[in-house]
Structures are given as C-alpha cells and as structure tokens.
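Okay, here's the structure, questions in a sec.
To keep things simple, chains are lettered A, B, C, D, E and F as they appear, and every chain counts its residues starting from 1.
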Amino acid sequence: MSGVVRTRIDRAERAVIDGLAGAGVATVHEAQDRRGLMGSHMRPIWPGARIAGSAVTISAPPGDNWMLHVAIEQVSAGDILVLAPTSPCEDGYFGDLLATSAAARGCLGLVIEAGCRDVAELREMGFPVWSKAVFAQGTVKETLGSVNVPVVCAGVAVDPGDVIVADDDGVCVVPRAEAAATLEAARARASKEEEKRRRLAAGELGLDMYDMRERLARKGLRYE
Amino acid sequence: MSGVVRTRIDRAERAVIDGLAGAGVATVHEAQDRRGLMGSHMRPIWPGARIAGSAVTISAPPGDNWMLHVAIEQVSAGDILVLAPTSPCEDGYFGDLLATSAAARGCLGLVIEAGCRDVAELREMGFPVWSKAVFAQGTVKETLGSVNVPVVCAGVAVDPGDVIVADDDGVCVVPRAEAAATLEAARARASKEEEKRRRLAAGELGLDMYDMRERLARKGLRYE
Amino acid sequence: MSGVVRTRIDRAERAVIDGLAGAGVATVHEAQDRRGLMGSHMRPIWPGARIAGSAVTISAPPGDNWMLHVAIEQVSAGDILVLAPTSPCEDGYFGDLLATSAAARGCLGLVIEAGCRDVAELREMGFPVWSKAVFAQGTVKETLGSVNVPVVCAGVAVDPGDVIVADDDGVCVVPRAEAAATLEAARARASKEEEKRRRLAAGELGLDMYDMRERLARKGLRYE
Amino acid sequence: MSGVVRTRIDRAERAVIDGLAGAGVATVHEAQDRRGLMGSHMRPIWPGARIAGSAVTISAPPGDNWMLHVAIEQVSAGDILVLAPTSPCEDGYFGDLLATSAAARGCLGLVIEAGCRDVAELREMGFPVWSKAVFAQGTVKETLGSVNVPVVCAGVAVDPGDVIVADDDGVCVVPRAEAAATLEAARARASKEEEKRRRLAAGELGLDMYDMRERLARKGLRYE
Amino acid sequence: MSGVVRTRIDRAERAVIDGLAGAGVATVHEAQDRRGLMGSHMRPIWPGARIAGSAVTISAPPGDNWMLHVAIEQVSAGDILVLAPTSPCEDGYFGDLLATSAAARGCLGLVIEAGCRDVAELREMGFPVWSKAVFAQGTVKETLGSVNVPVVCAGVAVDPGDVIVADDDGVCVVPRAEAAATLEAARARASKEEEKRRRLAAGELGLDMYDMRERLARKGLRYE
Amino acid sequence: MSGVVRTRIDRAERAVIDGLAGAGVATVHEAQDRRGLMGSHMRPIWPGARIAGSAVTISAPPGDNWMLHVAIEQVSAGDILVLAPTSPCEDGYFGDLLATSAAARGCLGLVIEAGCRDVAELREMGFPVWSKAVFAQGTVKETLGSVNVPVVCAGVAVDPGDVIVADDDGVCVVPRAEAAATLEAARARASKEEEKRRRLAAGELGLDMYDMRERLARKGLRYE
C-alpha cells in the first residue's frame, strides 16, 4: 500500500483558505463542531505565525525523510506539507535546506508529528513549522512511504487537499468539502464575539450576558 | 460537595502581595522552606510576566469551563484565578473572551492545570496565563464545580485567598496567614543575595564564600 | 567511586571549538556520523544562543547541587558545565548566583539534565542553559558527587574535555580526540550545503539535485 | 456532526474474523503492510486475552460515558466496542456494570483510548479491555457523542465494522473490505514462520536463512 | 516547617475502615462525590491486593528515605504508610527490609509517589505497594522531612489518619471525619448495583433501566 | 563509525556472573555504589525472571532490526543481548522468531531500549525481555548499525562483555573488570541483610538498629 504518489489533488478555493487563516485555529475548531484539532504536543517552532493552506500529505517511515523530497515536487503555491510517521518518531526530518526547497515551490509551512531541526535558520527565514519535537537527529533515505494519501497526524485524519489552519494555538484540519461552510460559520462566530468582547470589556459578566444564572441555580449551585 | 461558591474570602494585604511579586517565585519558594511550588509542567504562555495576587480558586470538571464564568464574578482587583480540574485534562478552558472579562474585573492572570487558547491574543493583551498545555479544544457548560473551595493544583494545596506568585520560573503558593512572614524572609534572603552576587561576580568562589571546603573534605572529597 | 574531582583535563584547541560553534548542532551531529546528540528534552531556556566549549562534567545526586560549587573552581575560560544527576531529577540546581560565579570564571553556559531557575535573570545576563526543566525547586548540599569524571547526560556519554556544541536545535557532544576531524567534516558539509541551498532556492528539486528518481523507481514508487 | 447513531453497519464474515484472532496482532499487522496498529499506550488490563471482532465505534466527549449505553444497544454477538474520546482523557468510562451489559449482548471486549475501572472484577469476569489507563475516575452523562461513525483511536482511523484484533501485543485494525485478503496473507506468513521457527530452533542463523551476508557486506559491514 | 513528627493521630473506626476496604476504590470514590482519587500513575506492584487503613503520612526529600524509618515507629496495626516526596522523584525509597519492619508493626501497605524496589520479594511477602515507579535506585539519609503532617500525594491532599483505600483500580483517600458517612453511601450504592447487575446480565439495557431515551432524544440524538 | 562487528569480547567468569544473578538488581546496584542502573522505563515483559549474563551490545538505527540477526551470531551461551537504538524508538525489533534463534545460541534474554512483540509467545517460551514498550510495529533491514561496540542504553554506558543483571526491579550493568569485586560486595551486603531482616521481623526498629535517633535529633527532628 505504500510507495504511492498521487499527483492530482483537489484543493479548496484560495479565498476560503485565506478566510480560515484569518479566523485562526480556535475559531475554526469551534466553527466545525470542535473537530479536527491536532494534539497539543504539536507546537510551533517559533511564535506568531498564522497560516492556512491545502494539505500535501506524507506517510513516512520512522527516521526516513525520503518522501519529503518526493512531496515537495507535488507542492503548489499555498500548500502546507503534513507529515505523519508510520510509527512514533521524533527524528529531525526537516531542516533549512528542505525549507528552502519547499519555500521555492510556494509552500507555506510544515506540520510534522516528528522532529524538526535548524530552527534558528527557519525562524530567520520565516518558515513556520509545527512539530512534536525540535531534534537534530539525522534521517536516512531507504524506505518508501507515500504522498497524498490519507494519513492520521497527531490524532486527526487528514486527506490530501484538506485545509490546514495553524497558529500559536496549534493545528486544525478542515475537510476540503466543508471548508466554505466552516468559513461561514467561523465568520458568524467571530462577528458575534466582537460584540461579546465589547460588553465583557465594559464589565458585563458572562453570567448575565449568557443568561447562565437560572440554569446554574437549577443545577443546584449554592452561594455561601 | 461540589456546586458551592464562597463569596467572601480573606486576602493578604496588597503591600505584602506586591512585595512577594517583586521577590519572584524562586526567592519566595526558598523563603518559605521550599514549599508551595507547583509542578514544572505549569508554564507561562508568554515570557516575562511576574505577578502576585490572591487566589480565587476553581474546582472544575474535565472539559467544562462553566465555573470560570461563575468565578469571574468573585474576582476583586488584584486577584488571580486558579483552576484545578477534577481529573487530568488539557482542554482549552480559557481564551480571549474570558480574559477580557477577567481583566475588566481587575484579574491579574490565570493559573490552570489544563489548557488555554487564543494565546496570541492573550500575549497582545498582556494577560498572563500559566498552564499545562496550549490547546484550542473547546469545553462544555454542563456540570457544576465549585468556586473558592480548597483545591490541589499541580501538586500544591491552594486555599482561596492564598497568595499566588508566578513568573518565568513557574508558580508558587503562599498560605495567606504566612504571607507577611514569607515576605520578610524573602527580603532578608534577597538582601543577602545582593552581597553574594557582588562577591561572586568579582571572582570569589562559592567554595570559599560559603566555607564549604572543610565539610567537603570531611565527607571524603578527593582532588586528583 | 563518587567524591572525586579531577583537576586536570585535556581540552581541544580553542580555534577548533570556535569552528564547531560556528557550524552548529545539526551540522556537527551529521559531520560525526549522527552521533553525540542529546535527547530532545534538553531545551534552551531562551532562544538564540549558539556556543561551544570544553566539558567540565558533574555527576551529582538528585536534588543536591553541592558539586556545582566544586565544579566552578575547575572551570577555565571557554568551558561549559555539564551536569548529569545520578537519578532522574528536575530540581532547580542552578540559578543566577551560580551563573554569576560561573560567568566570572569564563564559563560559557550550562547543560543540565535536570532543572534550572531564575530564568528571567539568566536571560537578562545572557547566560545560556540547556535543561530538562525550568523548575524553582531548591536543592541541598549533603552528598558528594564527582567532577570531571565520565558521565552519561541525556543519553550521551560525555568525557571531561569533550567539546559541547549547543544551540536552538539542542546539544551535541564531540569527543575531544575527534574534534579537529569533525570540524573539517562539518566545514566540508557546510560548504556543500551552500551550493545546494542556492540551487534549491532557485527552484531545483532535491529529486533531481540528488539523483533520486531512478532509485525511487527501482524501489517501486508509483505515480498515480 | 455529533449526536448520530448508525444502526446498521456491515461486518466481515465471522470465519474471517476468527481467523484473524488466531493469527494475532503482530502477524495481522505485518500481513497488512504494517498498517493499523494502535499506539503502544493501549495495554490490556489483564494478560492472556486474544480476540477479534467487528468494531462498534464510539466518539465520546471527555469524561462523559453516556454514549457507551447507547452503543451497547448496537452490539451484536462478536462485536468489540471501540471508544475514542474527543479530547485526551483517562477517566474511567467503563466498569463491571457496563461490562455485564455488554457481555450480555455478546460483546467480546472493549478498546478505549481513555480509562477503565473495576479491573479486578473484569479480570474475574474474563472481560478483556485494552485501555490507555486504569483509573476509577467517574464520568458524567451530559453531552452527546456518536455511535458507529468513523473515529481515530490511538492514532488509527477506525470505521464501524472494521475488524479489531487485540492481544498482549496491543490492538490492530483491519479495514472490513480487506479482512479476507489480510487473513490470507496472515496465514501465508504464519505457515512460512513455522518452517523458519523450526530451522532457527535447530541453530540455523537468520544471516544464512535469509541470505543476508552478501547484502550486509555490500553495505559495508566489517568484522573485526 | 519540616522536621516534625506528630506522634498522635486520630483514626477512623476499624469496622468502618474494613467496610471501605470491602467496597473498593471505584465505589468509595463514587460514594464521596468523586473526590479523593490519586492519579492513574499510582499502580500496584502486584495485582490482587485490596486494602484500607489509616494514613501515616510522610513528607520526604527527593532521594532520601530517612523519614520512612521514623514513620514506621508511628505505625499502629492496620495503618498504611503514605509517602509524598517534596519534589518529583522515582528513586527506590522502599524495599524488602523496610517492608519487613513495617509488616512487623502491623502496617498493611505503602502508597508512595516515588519508586519501590525488591518487588519480587514484596510479592512473595504479600506486602502491597502502590507506587509511581519500580526502580532500584538507592536513596540517602541526610535531610529531614516530616511524619504525620498534611501532604499532597499524587494530586490528593492527605491528612494523617485519613482512610486510604487501595486496590487494582488505584488509591482513594477518604477524610477521616467523612469515613462513616462515605461507607454508608458506598453500601447504599453497592446494594443498588447488585440489582442493576442482575438486570443487565439478563439483557436489559442501561438505556431502559436508567430511562435515558427521552433525555437523549431531547438533547438531539438521531438514529440513522 | 557504524557498520562494525567485534567478534571477540572478553567476558567475566561464569561463576561470578551467576553469583550476581543470585544477588539481584537492587543488591548489585547498591554493591557498586549505586551505579549502573538503567532507567525505570525498562520493564520486564513478564514477571519473575532473574538473570545475569555477558552483554553482546547492539547499536541499531530506529525501526531497523537488521543488526539483531548479525548480533545473534556473536552470542555465546550465557550472553544477554543489549540493544540501544541510535534515536528514540519503540518499534517491535524482536519477537518469537528472533527469540527462538537467540535461545538456540544459549542467549539468556534481551535488554532493549525500544519495543518487543509476540510477548505471549515469549512468556510461554520463558524467554525474558526488558524493554521500553510492548509494540508490534514492524521494522526494516536497510541500514547498518554495529555489534559489540560501546553503547548507552537507558541512560547507562554499556561495554560489550559487561555483566547485565536483570529482574523484576529492572536492569543493572556491572563493568566486566569490576564484576568479581562487585559480587564480593553484594555478598557481604546480602549476608548483613539477613541478620537485619531477622531483627526487623522481630519488631526491632530501624531507628534503633541503625542508631539513627541521635543524628536525627541533632538535625533538629522534633516529636510533637
């Protein structure tokens, strides 16, 4: 089953993807019913990036980064590489040379449930990575994996072409077919939050704004 | 036993609390006989904050942030929210809306043995959080917990009104009744450290400054 | 076997050490056949430092930092302290006073498979530490360890005088006797990488630059 | 998207499922190209069970076991319950009462990426569970999840009706449509292993039996 | 604050304690409103023990087991030793000699948030231990701790004399003053469970027995 | 540096090795000054084995078990295989076929800082393994490692021919040259323990037997 590269994937519309980037991980996660969030061990290697793009997925053996080279050829501008190792691994699959190559293809970033290295250089390049570890451990190029096949990365099923949203809060996956609807829901949520933020900043309590007092009392909350 | 909100808590004097903030976590921890330090998994979501305040404690079910809304009403200016889940959890109980509300009440920060989200926004707001995880995972509002009851957070027993000191080194809890004495001990320690720092910077060795050589020799230390 | 301080250690040449610092952890690790890399749990307490120096090693009991005082006397300008506890520990063996003393001796930094505290102060001082934890927990001075004996730190055997290279990617150990050869290999690698980086930035693919296509096909890679 | 119960699922043939149980996790995992293996944190609560069955999947909120009651109604004889929480959790969703109910429906066991309790009683009942934790922590019944929807459990995507194989080595998932082919491959592998086992027991070396010496030499292996 | 031994502690009645042992951890935990459960990392070193006793608490420095000797003198028949280190530690504080001594005093077992050794011998002796680790690492006797002071062990506040219940499900703490009421609640719960178990074994569904269908429908559960 | 097999190693005398097996891990660890103990994550896959043998060491790439086949040829009767991966890995390098082959050469067991599979079969064979994980994940045979070179396994430096002692308490390494002296120290310790055990069983307190009371009082211990 491994050893396959799918050269054609469908992508969501760029405007939708950009809208999701603007919304950010927490809002997108809520907007799609709290699904799609990768595990909290997936951390950005430097703070402040917020991106969204279409997933070019990689299933790679532990400690073998060959498929990254294969995958970079499949990248179109605006894509994000998503690498899931076939068994737990924190080796440094990716560093500044691969980032240079990926960036030259228009790749926006990497999501990898393994390790990353050259993080000082990647920070200087402004190339964002969300990874499980920072680890310089080198890898080999011996065993095939696959590119653009369904993977499970950090607990989430990712299909090639799904929209990846990533920022300081982590990484969220939006199924391609739901991207437009999710953006709409995210915008609706964000516009409501604006009003809420204003009222809360003015001192109004969530207890009142969300009408919680009666339900709390019914559940039995006692003030002493 | 859950479902209780204590609306009146005793607090230490603000001057004492501010003194403890100035001393910082490491000094306060030493000044109170190395007690009160939360586990090292409690990390600031952004570097550089150093605060102290009175604990408004929250015991909350896993994945349920309802009690945060209840607790914010109990906050007075200068307080710090302390949330301990009733079982291990890293969901994102707290984000920028709750921070906006808490800040409007004068809350100085949050200590939570669970997750936090919207960390980019919280960093911009300057609202500090010490948490076990950064995780966007949403929570529900279904089950009661309690506010201002004794909790165990990150391995430390916290009573409402205890003084919380938090900085880049972590979080330390000072029992309210011992706050003034602890501050005094912290100041004594800090003033001694000033002199030590000067001598060490000048090249004097700790071996000599602390008169360690004889005791080391008696224990059997051999130089080869 | 504990309770020993070796007062004379051999060091690599400073020019070689400085060269290794310039090369950085990932390149040095590769240049010496992917050996010597400490575990990924060894993280810098602040980003951006890149140093190399000769190891002054410390074997210390858990929760006992006495030997740090002993070790600092053994530091020469350009050395790096390397502390391995004799059982797993994350207590805060090291803070700003010890850093002041170490810096006064010309110590460049600390590598410790345990905890560190006063990290805000250390950041301000520019004193770099790679540690397993940030933890203010105080330590005692009761039990002897040893200085300048072979240790295993974060999974790597370190002899006193070995070259320690540390940066944002972690910590790598170069056996003293191999330092010059490793530097040479690192420089050869770095100069090749310069050319590769230029070509990749221009859009050439690794698949072509490294002639991978034929071997991938032979292994059975299929494009669909 | 949550709040759905699919009442009809397709299952593999019982004879195929039983064959897979006989083959065991390691052989089945190899037979399907090393896919489908859940993470090593999924451990049996007592040793010695080896089962296979059709997955009745459960997506459940953290700390909320309501959907287990819903799922048990969907169990047919020979099924295995597979529960994935929507965020990381180790609460004790399942104990002897639920096991009694599940066993009465012919359920063969439970795979849960969370906690389990009453393990002494479950051991006495002979009801096997593979879980992330043994933890008595109680759960609530407040929030809907779903039954017989696709889930990701311990890093593996599971569709309802997929074949679950579980023994002391862990848990492996076989897509329903591939079950028969996987069994065939497993049997082929097992029959070859019998011969190999005999030869190895007689003292023949793998180096010779697998003809490895030449390839090792070509790769550069040196005997000293 | 350390260096204190309280020689008199109040204990619950033996009959109550024995009743709690009979009920077991999961039932007792539920009976007291789901409080008092230690973290799931506290595991028995051999399966099958189920005990309850009065806590003789120990606050001990990391890697220093001196206070265990002090504590054993404070043990009365039917007590359980509870050791919490003052910072995270997995050293082997306790082995067969200490177990021999403790058993000679009538001690029923040990709960330790650290390590234990000689586990084969302890299994043969039938002396049960719940610990964070099995680890032979030796400890020193240099620094005072305290005996029979309040501690936090594995996330739970324990006062001397509290009732400890421990079995294959873990460890639960019952405040002494609540022991009798908790036993009553546990018995009520257990007797109800007997009836439930019978009905579930006969094939009745929890959905019906607990009248869940209507509430599930109101929450929006859909069958497809 | 990898790709080397040392075909001749020195071993300790069998009588000494057998004596160390009899002493067990905890006693041997103490007898050699508390050195040589592997991390507590190295657990037996079944309880009750206690072995000692000469280390045949293996340095292997992550997820690649080729060198195990090479190493088995180097095994003499009474040896123990010790495998350290070159980066963290929990894949299942070893199962019943390799155990059959190793046992046929007289190998007593395996110590592996990675995964093991076929644990039910290994238990039936009586072949003991101490590993970091039980995990069925298959491995490849692509990249060379080395056999009988110095390795670091689970935090301990191991030279080929060192004596490995392993039982339910874990794994301890005794340098070959120190094996006889360590056995002598272990026997001295064990014979003293016999007397102590008798006295403690008779109710004598460690406080008295070890004359601790005065030193405790001098340190400031207070009885209240």
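Descriptive notes on the structure:
Please note the rule applied: a residue touches a chain if its C-beta (ideal position, glycine included) is under 8 Å from a C-beta of that chain, and two chains touch if they have at least 3 such contacts.
Bear in mind that the values here come from a model prediction, so they are computed numbers and not experimental data.
When the partners of chain B are compared with those of chain F, the chains appearing in both lists are A, C, D, E. The interface with the greater number of C-beta contacts, when D-F is set against B-E, is D-F.
At the interface between chain E and chain F, under half of the residue numbers involved are used by both copies, so each side presents largely different positions.
Put simply, the C-alpha centre of chain A and that of chain B have 31 angstrom between them. If you average the Cα atoms of chain C and of chain F, the two centres end up 28 Å apart.
Centre-to-centre spacing of chain C and chain D amounts to 41 Å, using the average Cα coordinate of each chain. The set of chain A residues that touch two or more partner chains comprises 34, 37, 40, 86-88, 90, 135, 137, 143.
A list of each chain pair in contact follows: A-B, A-C, A-D, A-F, B-C, B-D, B-E, C-E, C-F, D-E, D-F, E-F.
On the chain B side of its complex with chain A, the touching residues are 3-7, 46, 66, 69-70, 72-73, 90, 92, 95-98, 100-101, 103-105, 115, 117-120, 123, 133-138, 141, 143-144.
Across the complex, chain E meets chain D through its residues 24-26, 29-30, 34, 37, 40, 43, 47-48, 50, 167-170, 172, 193, 196-197, 200-207, 210, 212, 216, 219-224. Every residue of chain B that touches chain D in the complex is listed here, in rising order: 61-64, 86-91, 135, 137, 140, 142-143.
Across the interface of their complex, chain E is touched by residues 1-2, 32-35, 37, 39-40, 86-88, 150, 152, 155-157 of chain B.
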